[in-house]
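The letters A, B, C and D name the chains in turn, as written, and every chain counts its residues from 1.
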Amino acid sequence: MVETVFRDPVHNFIRVQDQVILDLIGTREFQRLRRIKQLGVSSMVFHGAEHSRFSHSLGVYEIARQFADHLAENYTMQAPDDGGWDPNERLVLLTAALLHDLGHGPYSHTFEHIFGTDHEQYTQQIILSPETEVNRVLRGVSDDFPAKVASVIAKTYANQQVVQLISSQIDADRMDYLLRDAYYSGANYGTFDLSRIIHMMRPYKGGIAFNFKGMAAVEDYVVSRYQMYAQVYFHPVSRGFEVVLTNILRRAKDYFELSKTDDMIDGDFMPKSLRSLFEGRITLTEYIELDDSIMLAAISEWRHVKDPILADLATRFLDRHPLKSVEIEEGARSMLPAITELIAAAGYEPKYYTAENDSFDLPYDAYHPNAKKPQTQIELVQKDGTMRELSEVSTLVDAIKGRTFGNARFFFPREMLLEQAVGDVMAPLYEEFQRYVHNDRLIRPVEGGIK
Amino acid sequence: MVETVFRDPVHNFIRVQDQVILDLIGTREFQRLRRIKQLGVSSMVFHGAEHSRFSHSLGVYEIARQFADHLAENYTMQAPDDGGWDPNERLVLLTAALLHDLGHGPYSHTFEHIFGTDHEQYTQQIILSPETEVNRVLRGVSDDFPAKVASVIAKTYANQQVVQLISSQIDADRMDYLLRDAYYSGANYGTFDLSRIIHMMRPYKGGIAFNFKGMAAVEDYVVSRYQMYAQVYFHPVSRGFEVVLTNILRRAKDYFELSKTDDMIDGDFMPKSLRSLFEGRITLTEYIELDDSIMLAAISEWRHVKDPILADLATRFLDRHPLKSVEIEEGARSMLPAITELIAAAGYEPKYYTAENDSFDLPYDAYHPNAKKPQTQIELVQKDGTMRELSEVSTLVDAIKGRTFGNARFFFPREMLLEQAVGDVMAPLYEEFQRYVHNDRLIRPVEGGIK
Amino acid sequence: MVETVFRDPVHNFIRVQDQVILDLIGTREFQRLRRIKQLGVSSMVFHGAEHSRFSHSLGVYEIARQFADHLAENYTMQAPDDGGWDPNERLVLLTAALLHDLGHGPYSHTFEHIFGTDHEQYTQQIILSPETEVNRVLRGVSDDFPAKVASVIAKTYANQQVVQLISSQIDADRMDYLLRDAYYSGANYGTFDLSRIIHMMRPYKGGIAFNFKGMAAVEDYVVSRYQMYAQVYFHPVSRGFEVVLTNILRRAKDYFELSKTDDMIDGDFMPKSLRSLFEGRITLTEYIELDDSIMLAAISEWRHVKDPILADLATRFLDRHPLKSVEIEEGARSMLPAITELIAAAGYEPKYYTAENDSFDLPYDAYHPNAKKPQTQIELVQKDGTMRELSEVSTLVDAIKGRTFGNARFFFPREMLLEQAVGDVMAPLYEEFQRYVHNDRLIRPVEGGIK
Amino acid sequence: MVETVFRDPVHNFIRVQDQVILDLIGTREFQRLRRIKQLGVSSMVFHGAEHSRFSHSLGVYEIARQFADHLAENYTMQAPDDGGWDPNERLVLLTAALLHDLGHGPYSHTFEHIFGTDHEQYTQQIILSPETEVNRVLRGVSDDFPAKVASVIAKTYANQQVVQLISSQIDADRMDYLLRDAYYSGANYGTFDLSRIIHMMRPYKGGIAFNFKGMAAVEDYVVSRYQMYAQVYFHPVSRGFEVVLTNILRRAKDYFELSKTDDMIDGDFMPKSLRSLFEGRITLTEYIELDDSIMLAAISEWRHVKDPILADLATRFLDRHPLKSVEIEEGARSMLPAITELIAAAGYEPKYYTAENDSFDLPYDAYHPNAKKPQTQIELVQKDGTMRELSEVSTLVDAIKGRTFGNARFFFPREMLLEQAVGDVMAPLYEEFQRYVHNDRLIRPVEGGIK
């Protein structure tokens, strides 16, 4: 086929050179990803970050295509098991890259939390189910092709080079989302030299390593990843919205339950398109029709629902009034029951108006075979062909290796921080609450004022 | 107040320094703009261009703020009517910049076409209606403040400097959308040197002019604008989606009409949230609750409606199957009835499956006082204080002055271009149709084959 | 060989994949280009633009390499004379690209003007002379390889595709210098989408054309070129320095002549390294040792030479006091003798202190077979394989086609513009001179003052 | 005065708003900086990095101007000693920023090493000496202005805010050189968000601190600085050229000494312009006339000098043949005498053909009052006004605090690494030498070959 290109601000162009890939992009299931935001509620804080999983998926594909070109050009396998790249793996690599996020639901993180679904399972189901357009296209390649692609997603595929290119500490998925999220959020910390990293990539029997000369580029990638987590993904206000959304869905679920037994509640508040989801018996076909707009349209309706909690939470979400938060320092964790009580006393049901949320990450780690999720480490190839693990040679990576960062936060209604709420009957409660907060941290209040 | 900043990929930071502005951003009506895409269906072609009117509006505000700072610092009025900048105009300028797009509906262009609404009218209504949060914030400044801001939008405000900064051939609105749409679409033609242009800006009695030394920057802006129209705004595939969307709404309207008289049709296919809109009696409050997600959720439902036309069009829209098109060259316009007939014969009701769509623009024009919409021309100030109109001194702008560009296109179902549709009973119709198409243009077919 | 890369801010990396290219870069003649600035005196105006011909030459090579890769991958010739790309031309293309500027002297434009040399001749000589390291490396490929490369430079090479890739209205040389000069000067008008243009490139029998879809990118390139000429290359202050440098060399030549007959003048003021140049009997070996530093070191010495004119001009150059200028509008050309007389009366010998300098350019032209230097036009390939010349389809290029722009300027000592030079005996002369200047243009003075 | 702007690729525009600054830029001593490369020999490795100290100095000025504007706008002192910014310090800040590098000689690092000069001393002398144009302009401000500016350079100025803005762990000088060297070298690791850092800057009594919200931007700056050192400033090949240049000057000095006693050596090989320098009795006026071109022109002449060592080293420098190097790991340091002997045996006089060179740096350090050069630490201001040192709150900076990185290398002629030098009588020496080198490191050779 003649190459088809898609203009993309991150990679300039996405180049499609295989009819299968073009056909997959054209499927209903893949087009759905246009209607699912990549960063969910983060766009409430980073207003520029309104990009979709569709554009991210194209980006992962494009990076994988550049991987495949580089490996085929420079490291094609000459004999079986010589550690070279097998060009026959190209299509399975590109396909898995393109489809790796197919199973994401709207506002995926929150969604899975409430409905107990698993997007990786759905990705594999969409690939394997004979009902989907994606499966039909994949079967066009060969009968076992859907199963091969699904096994790459599941990381059980025999060729570990393919698996690591899609899923490791430095893979096509992460590289695209770091670059893309940095570009769209404007948080210009997430950039690194993609073309240099690709150029330094070398296959070996056990997977993918990097030329020693590429150390600086790989180091820069590790730091960028750290910075994006610290600045964007863990942003406390985004987490405040995530909590609101979680509580909306929790309340809608509870209220829907109630409607079945309580005649005063009209179950019609739940749109048809969401009913089987809330009833826990959603089919694959129904799942594939879900997207952000259906969730948002429901929340818009709930603004007017009779239940005051659901209506209030929906309004907070749409009109951008997130829950506020404080960092919980270790010594102050025991204060939580006391302040939760104050919040309840001020009229906010804690189940729907408070939350604890921990965000911690490990920016880089060496291989721990006994860890729950052992991570592939990053290897650099020296002049004589032997490999050294990244942190052995990078002062910077060695410094941060194995260190976790992030924090635990407690979320509550912003009203609790109102100052000089003259005439408000809750004012004394607010004032008492504020004795527990200093420099945006939860503290153990001192008798007679702070400090 | 302490300055509040919003990270923005186009301007790096949006700096808010006035409580009024911060309060306006926090209103329900302004937050709604988060849920309306700036470029509507264009994101079906430029997948990166998923940004909202919210981010554009913040951008226009930020540019206006930089205008105000520059003018106040360098050209503050010393005596009444000396042509200098009046710093008291700052707040009205910033407010009008921020709110200028408040009245946009979802997929605005198509929306207005079908429902006969006018977003500028709505913008003024939202500003002036005592029901809105925006109005309440504005009244906090002074009783006549809402009216002042509305008159800037209406271009009737006395201070023409303020009006031109928001609305002229080179204004805050255009500058932000060119930069932003270029950034998000990846069509890197739309960039120009914003800080240079601002720096060259000078007020005079009749409005805003530019220092002669800024000629290159202004020229570059004019060319960038031309390129964005040619490459992005007039893209034939985007227009193909606009036609599909228009026809969806047209069909939904017709079908809704039918449902009132035809018992076989269940009017329930129309979601509650859209009913008063389709009945032509929408209130301001209802209008303010409309957004892209409500439209998209409706189209998702219509995928399963009984009416085959509406269901088919909805599916084409969601699964990205735009109408195709050809350019209508002048000599071939008379072919339209013939090919429309072929399309009808192939089973596609022309009212819902075809369209003519003309896109023409004038990249730069000098002032024509008798024109329907006379445009302010761009003036450059020479060393001795006299002004010269841009095209008098720029070879490039002189060359394109007064030239229109763009084209007229005819849209039709992509099936008409199917080749070798073996076994398809419509194949002879398709083949006949294709005799009218050459190099993507509508032609007058030659007997015995093309050319 | 293993690929060797050079970090480059314009192309990110210059990739060298052939030992011959690496060896050529390592030659003495090529390394000399490090010591010759690409833009000569322009860095006196654009202080960032201090880059060398070495970096430009690497850039042209890199673009040519990308051309070759694109053409080989997509358009390799299948049969003789089918218009495809012949991969055997790769090395001659890359070599000619790398070496095309080898013959440039220091401050080339001025240099050639004064010494009557021709850098293209020198380039060919360096390639062909058995004395050079370059020639030795080229002969290593084959005996006739030096002659082949030289004929590409001379545009007489049989394969016109190769010639056009190096030298046409849209070639590797221009593309690199526009991008590079824009990058280093900070005059951000010169950018365009190089990778898109390369991607749209198609060979045909007569040379190189572009896919119709690449129209926007090519149009953007044409406009960028226009803007770089208007803003950078024709900058009046750069031209003021060029005039100073020209006059330094002219005076040094005259004074050196004088020294041969006038015993009072010590010919030793001329450094050994420049003597044979000024005597008009420079050898190739001597020419190859010339560079900017030798010229500059000489000018530094001349600051202290006995001749007041040469010493003054050298000081003006080093301490950055350019000649000033006015635009000569057609009607005012007849004023030149009068103002030249005023300058002479003020004590400045016109031969060394004034100059006329015309800079005009044609941003794009269609082919005129009878023109003195007929230019290849830019062709776009339509769907059916036929070609259309760029200006037939681009409104913008059509508008500027065949239009020249630029101006004629007259240069003079900046002292002539001194205002209120109280106590200066020349003050009345300055005042009279200033009657001829208005808005930086030469005018016909009006009796009784201007205006 | 009307603002004058200089286009700059790093800051877009350098804005000059004071006549004193414009006059200083116009002085002979400042214009000299155009002829001194910022990075010296590094441009032999990073060919794009040919920028001058002139452009860096303008950049430092521009950053300082933005500092001053930010501080005056937001933190102007309201009462004596309230820790606010004193707007009267503006001019001394801008002047010190502009002039801080005035005293640099050509290839400064090497130069000072050989001639025992100190550029900071020279900067102060140029500012204070009544002979210079710079001093004359400064005296125009006030009689004590030169002394004030010099004391900022010397860090003894009373106002520590001014001193820290020019010279601390995060100052205008470092910020410009990191951004500029990254831009010109193309080593895109050195970037950070300058405007954000400026925006977060806050004065306090003891100096300059940063708003807590700016933590990420400051952290990013610290990492960028580390990366630029690791990738650019410590590049082993640059250091190989520095060693060649050092040895050229050392040999020229020794040879010049010899010429005084040895009649066979003609002292004329030393250009007039360098004589007093090499004789150790250079005057300020002579110093100010030195620049890169004078050094380079001398080296060009020395290519042909009779002394084979000086001629050979000059040729290696001009034709780009650096000394090669290996990293000295601690355990292998004792091998140095043995390999130095091999080098001498191969005919290379160790004094001129070998060198040890250590490059180590501390990317960030907290304050150690007893350190030889105690560094100001970076402070962040919390909500309640108290300050915390950066590494207390940044996981990343805490990880690297106090860690040095870099390495020690040994340099030698590249011939020592020649492989299979068949027929070369030195071949056995080379082979023996190569037993000490593995993976670019100096090792203790193993009996019977490596591994």
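Going forward, a contact is a pair of C-beta atoms (placed from the backbone, for glycine too) under 8 Å apart; a residue touches a chain by one contact, two chains touch by 3 or more.
Since this is a predicted model, take the numbers as computed values, not measurements.
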Distance-maximising chain from chain D - centres being C-alpha averages: B
Result of counting contacting C-beta pairs for B-C and C-D, higher pair: C-D
Distance from chain D to chain C - Cα centre to Cα centre, in angstrom: 32
Rounded Å distance, chain B centre to chain C centre (Cα mean): 43
Where chain A touches two or more other chains at once, by residue number: 12, 193
Of chain A, residues touching chain C in the complex: 5, 12-13, 193, 195-196, 199
Contact footprint of chain D on chain C as seen in their complex: 6-10, 12, 26-28, 31-32, 34-35, 43-44, 46-48, 50-52, 54-55, 58, 183-187, 271-273, 289, 291-298, 300-301, 303, 318-320
Chain B - residues contacting chain C, complex: 188-189, 191, 193, 216, 219-220, 223, 226-227, 230-231, 382-384, 395-396, 399-400, 403, 405, 438-440
